[in-house]
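Supplied in structure tokens, the structure appears directly below.
Chain nomenclature is as follows: A, B, C, D, E and F, assigned in order of appearance, with residue numbering initiated at 1 for each chain independently.
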Amino acid sequence: MATLKDYTYTHFLVTSPAEFVVHVEINRPKKLNAFSEPVWREFGALFNRLSHDADVRAVVLSGAGDRAFSAGLDVQSAAEGTLGSTMGGDVDPAWFATTMRRHIVEFQAAIDAVEKCEKPVICVLHGISIGIAIDISCCADVRICARNTRFSVKEVDIGLAADLGTLSRLPKLVGSTSWVKEVCLSARDFSGEEALAVGFVSQVHENKAAALEAGLKLAGFISSKSPVAVQGTKELLNHARDHSVAENLRYTTVWNSAMLQSSDFKTALMSGLSKSKPRFEKL
Amino acid sequence: MATLKDYTYTHFLVTSPAEFVVHVEINRPKKLNAFSEPVWREFGALFNRLSHDADVRAVVLSGAGDRAFSAGLDVQSAAEGTLGSTMGGDVDPAWFATTMRRHIVEFQAAIDAVEKCEKPVICVLHGISIGIAIDISCCADVRICARNTRFSVKEVDIGLAADLGTLSRLPKLVGSTSWVKEVCLSARDFSGEEALAVGFVSQVHENKAAALEAGLKLAGFISSKSPVAVQGTKELLNHARDHSVAENLRYTTVWNSAMLQSSDFKTALMSGLSKSKPRFEKL
Amino acid sequence: MATLKDYTYTHFLVTSPAEFVVHVEINRPKKLNAFSEPVWREFGALFNRLSHDADVRAVVLSGAGDRAFSAGLDVQSAAEGTLGSTMGGDVDPAWFATTMRRHIVEFQAAIDAVEKCEKPVICVLHGISIGIAIDISCCADVRICARNTRFSVKEVDIGLAADLGTLSRLPKLVGSTSWVKEVCLSARDFSGEEALAVGFVSQVHENKAAALEAGLKLAGFISSKSPVAVQGTKELLNHARDHSVAENLRYTTVWNSAMLQSSDFKTALMSGLSKSKPRFEKL
Amino acid sequence: MATLKDYTYTHFLVTSPAEFVVHVEINRPKKLNAFSEPVWREFGALFNRLSHDADVRAVVLSGAGDRAFSAGLDVQSAAEGTLGSTMGGDVDPAWFATTMRRHIVEFQAAIDAVEKCEKPVICVLHGISIGIAIDISCCADVRICARNTRFSVKEVDIGLAADLGTLSRLPKLVGSTSWVKEVCLSARDFSGEEALAVGFVSQVHENKAAALEAGLKLAGFISSKSPVAVQGTKELLNHARDHSVAENLRYTTVWNSAMLQSSDFKTALMSGLSKSKPRFEKL
Amino acid sequence: MATLKDYTYTHFLVTSPAEFVVHVEINRPKKLNAFSEPVWREFGALFNRLSHDADVRAVVLSGAGDRAFSAGLDVQSAAEGTLGSTMGGDVDPAWFATTMRRHIVEFQAAIDAVEKCEKPVICVLHGISIGIAIDISCCADVRICARNTRFSVKEVDIGLAADLGTLSRLPKLVGSTSWVKEVCLSARDFSGEEALAVGFVSQVHENKAAALEAGLKLAGFISSKSPVAVQGTKELLNHARDHSVAENLRYTTVWNSAMLQSSDFKTALMSGLSKSKPRFEKL
Amino acid sequence: MATLKDYTYTHFLVTSPAEFVVHVEINRPKKLNAFSEPVWREFGALFNRLSHDADVRAVVLSGAGDRAFSAGLDVQSAAEGTLGSTMGGDVDPAWFATTMRRHIVEFQAAIDAVEKCEKPVICVLHGISIGIAIDISCCADVRICARNTRFSVKEVDIGLAADLGTLSRLPKLVGSTSWVKEVCLSARDFSGEEALAVGFVSQVHENKAAALEAGLKLAGFISSKSPVAVQGTKELLNHARDHSVAENLRYTTVWNSAMLQSSDFKTALMSGLSKSKPRFEKL
């Protein structure tokens, strides 16, 4: 296992534990992996880069240290940043609203980078996983957690409605709106088992190590498949969430009218017949 | 516990068991809490009022008596009302259709008042809970039931497709469309346990009393939070159901550009740092 | 039980085990019920016909033989058809894309015929159920399976993103997007029990015979109800999936403004009062 | 010509110049027909009533006096109402935003009553027609004006973006977005001739009297047609504006499945063959 | 000019006046080119075929004879068909509604074939052009008319709201909703000049012959362009009408990711540099 | 008139001819202001910056030199860039499609920057204005042109469907779809007068100088208005284009719930009463 070439970041540790698999660790364990503005700006830039890197086929995202995937917003840092500077003193409410609007739009875009990343992202959670931790994991494709994970949609407790994506995505990720409203309106904790029962995660493991191993294994398995097929599947599933079936079928048709010309299709068909292991082009 | 001032209604008992918490009981136990036209008109008016009452932060809705949350439409009464008067005799089909359309629109609006109520509504079900009982509970934010609840999407049994919201909302509330179609196409009963398994309710309790206690406790807990945060969360979650993620994020951004100016935000941040209990303004 | 009059097909066995109930069997057991172009063209035509046949009130779809509901695309046949003829040689990519687009659109329409069929369709799965088997079952209203069913969203393994509806519909049928992405991105198998846990099927039975019996029983039960109510319920639930609640309520209102004039409504009300078994008109 | 029975209003003069035709005049000429809160509340209630009155088949809306159709918001009155009471002093911005939101929603609903009115509304404009005058006329079905009309989307000049519907509807009513943005961003006046050239009005007449005569004539002509056909046409055209062609066709199909059963259809067919004047049922 | 090979139809005359250009004439001049059920079924089949015929690059549609493009529905024939058979006697209203719904859906599909035809369709109108004539011309890409054309959205005069597409499409084709409502609510005639002024047609010519010549000239000009570019432009413009700009841009991107690989692109670039006349592949 | 501080760009000349007004000139007159990749990347960055610059209230965009606003894509440069490098040789079609998709998305985003710019943009066109010139001007708020402007939606002539926004936006900007299809399918030229007649531009002037003067005058006039009102009006009008009226009203309500708290509102009201010239805060 080696650090990826040129993937050197201040707040994230980026390694490649297997061919085509990248492991991103949020690397502020002393701050419980909380997100300040420099952290989320770097986060967005990192995932935008992974999205177009042909050496990457699947990404695992986890948090460094034993205690937390992430404790969410770095409140102290926020108070010194855009939020703080706009709240003090005698500002015009329209100016404040405009400044906040631009700020939230940029913040959302950084989190969205996980969803927009063309390669599948597997989020492995453990320990404290609140606030932004939920926003981020909602953008991932697959969620796996350790038994000890303590989740919370925490924003109500700091006097605001969550605005980085949890309220937009969570109701579409799990199968009980009654449960979604319960945890979002009350900001109460929920456990890994509860997360599995409602479908928020699809796997729970004994501890962080086991969860991480499962995540890396799944990433490796996906990386052995045709990148054309895998990346198309992610794109079409994300499109499906926000469109009618008829719209998605139309989009799918045009998508595949180009992609079925790929050599991957022929390669996969051939290797299926010959029972050999296929070798796909980079994408 | 005292009856709320001026909240005197013919078919509903409205009390305030705790500060900011309102308990609404459908109060026609001899009729199994069935809905005639006067009942649903009063129902809509009541929830429209609760929506804007700054002394209200959470509402619990239940049915009076041991036997039923509600047996749905008061068929006898309906036969004597709009439905009956339009069905008899030799009316023009276009006139009939127009009259029915206007009638259904008003009926739907009365039920929708629960969803449009700006304050969270927790629905506590027990016993017979069929027809309109399902329509209404689908509009609530959280559903809790007693073990003995007997649910049924009953409309097929009286020769019509449900038109007060169950078919619109139920598929978006639970995680199995196969199950939704099974119960809607067959009108078969389902139990509280089954409702929990598919995510229709998020809690099942031993009996009505325990379910009600759990509902009131949750309402009290939510009422201790910032009203700006709670009401914003309800609005944004309801918006999310019917919009793409991108649309919801845009709406959220504008919403919070105003709401982050609230004193609740500062109050919550402060009390978080000082570990004191926050005191929020009415909304 | 007798073969339905004039329902003679090459690849399907169509019988009527009870009044108003039709049983369609995919009848290529030696080919594991795989779909070649003649098969899916006949399949679409068959369901379009069932949709408007007033002697049909519910349809059960299953696969002949012990081994498979369906092994999906008949790859050998496809290689000799449109797909094969367009892939070889030196064709213009735009011509290829246009030809494939038209081909996919027709293929999708044949599968969609199950969803568009005005009568409820209950899909009973067993054994190998991969690729197109998933596409088709996603179009059915209710899914029931045998314990031995081996499901797989198999397309990634042949180098393409599924384009016949699985990616469009599956995320809207079950309650865990994390699970949906796991099985679609990895093409891994999943069992009947797993399908029940996530809500993809609503019943699992010991073996194919028991599953089929349950499917036929449900079909018979639904056929005893008002066809106006049942067919309206299917239409409105399908509409709900792709529309906001407000849109669906508006559509429902107009739908029922015509349908409440039906004699079924009066018949059902009457028989409810008189406790007699209702007899509904054909539709 | 006589005042309609029981149509007595404080701020509006309601008469019936011909069978089935209603003429509504905004009747505050000394205030240039400006809208205070009591005025728009009465306005909404009036049009809601006309919508369901079977003696009404077409409505003409105009302004009393020579000088103005309407000068828009009664600013002085607004300063003493909701707007004024929320602006003064030291209110919480979230409380202010919530109060304003509820206020705007009610104000919009009153203006929307013209669009929602099931009967066609012909708006006849003259003289000063600014601010709310534009919002209201955008809700009407047909716009006719006198040559001397002085239009203006005036809101930018009082420091706000128009929020009662002009920005929502105007771009969809006329054929030049460049022109729409020019007049909305600059608040400049435009004339009746300019309004005709861009398609905002469909007729310009020499003076108010001629415009009114043309409006009443058109209303009379429409009233001689089948109410089922006319009211259906209004509903379907309004639906078309906000939906795709496919959606509108689907809605139309269901609408007409009920309405084609009307006696109007038979009556119109018959009178077409017999060249006689048809007599339609009230709706 | 010769009749196209195998394009022999009962109600239509199909010729090819120039390479890649097809001329379709509605050929029932004695019936004023009115549409009975056999006529519209043949019409739909014809345009579906033209859509995929690689020898066709542009279509001109006109009406045979001097008097009419089309007088719309063949009322006498309709009375003897589905409409007539469902109206008489004592049928269940739900059965009637269901039958009519299926009938309208098929009728709409036949008219839609013009819009769905992948090749541009230029509609040349003259004389009587009412009812279905408007529905059909709204589906064409370009509308050209003779000065003597007498248009009318005639349906209100036979007691129904137009249900074959005029109400869905006309408001999106022209730049004055006030005018659209005027002609749809009143069923009044409008002239070729008026049609040009509001943008319904883009050219008016002295007489039918001149209009037809202009239509054929435009069709010939379009046929000299790259079919990949022309057919893509039609598809993307039709998609744009019913989608947001963001949606259309996304669809366009995927569309062109396949189509930019075409040899047409290279051919057009080359011939642009060499000033030679390009020769494109069939599509 | 002075060059704006720090607004130094390679391909654009940026000046401030009046307070709050910025004039952007495409500055490659020898290349007829054609767009190579460095040009459009700089273009996007420039408008993103103007969007948030509080010293900017309105922008005028024009082309340097006498001959052209812009001749569109710099074809020679494109052949050497992404397009060229992907077209040559033996690349996998899926890799090509993916590369092109990413390229088009970035190119679209650069053009979109004009639409997304929070300040109004007035586009002044003259001379050759083809291809990208149309894409860009469609993103502007107001279009003004010189009489000598030669417009063309040129893409069909180089073998592709326009993919930078013209096909998405043009049908929504003008009032005749027949005309839009005519010019897009044929790539024929159209004049300034024709552009005015269909509503594509809202002003035509004698020559470039007069058109520019009119554009700057309008920009100056808009800059004298409340920035809160002007920027809100742009945002809400752009939102209206892609949403239903109901959606836009809901968004507007939330937007104004924040913006009505602005001091601009009070300032404008006061200056209206006192007849003085208002002075607004920067935004």
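Here, a contact is a pair of C-beta atoms (placed from the backbone, for glycine too) under 8 Å apart; a residue touches a chain by one contact, two chains touch by 3 or more.
In this text the structure is predicted, and so the values were computed from the model without any measurement.
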Interface residue overlap between copies chain C and chain D, same or different (over half shared): same
Angle of the C-alpha superposing rotation, chain D to chain E, to the nearest 5 degrees: 120
Interchain centroid distance [CA atoms averaged], chain A/chain D, Å: 49
Whole-Å gap between the CA centroids of chain B and chain D: 35
Overlap residues in chain C, where contacts from two or more other chains coincide: 93, 97-98, 172, 174-176, 198-199, 228, 241, 246, 254-255, 257-259, 261-262, 264
Chain B residues touching chain A - in the complex, by the definition given at the top: 120, 141-143, 172-176, 198-202, 218, 221-222, 225-226, 228-230, 232-237, 240-241, 244-246, 248-249, 252-262, 264-269, 272, 278, 280
Touching residues (chain side chain D, partner chain F) in the complex: 75, 79, 83, 87, 93, 96-98, 100-101, 104-105, 108, 112, 155-163, 165, 167-169, 171-172, 174-182, 184-188, 198-199, 241-243
Complex contact set, residues of chain E against chain A: 250-251, 254-255, 257-258, 261
Parts of chain F lying in touch with chain A, wherever the complex brings them together: 52, 92-95, 97-98, 102, 228, 231, 258-259, 261-264, 281, 283
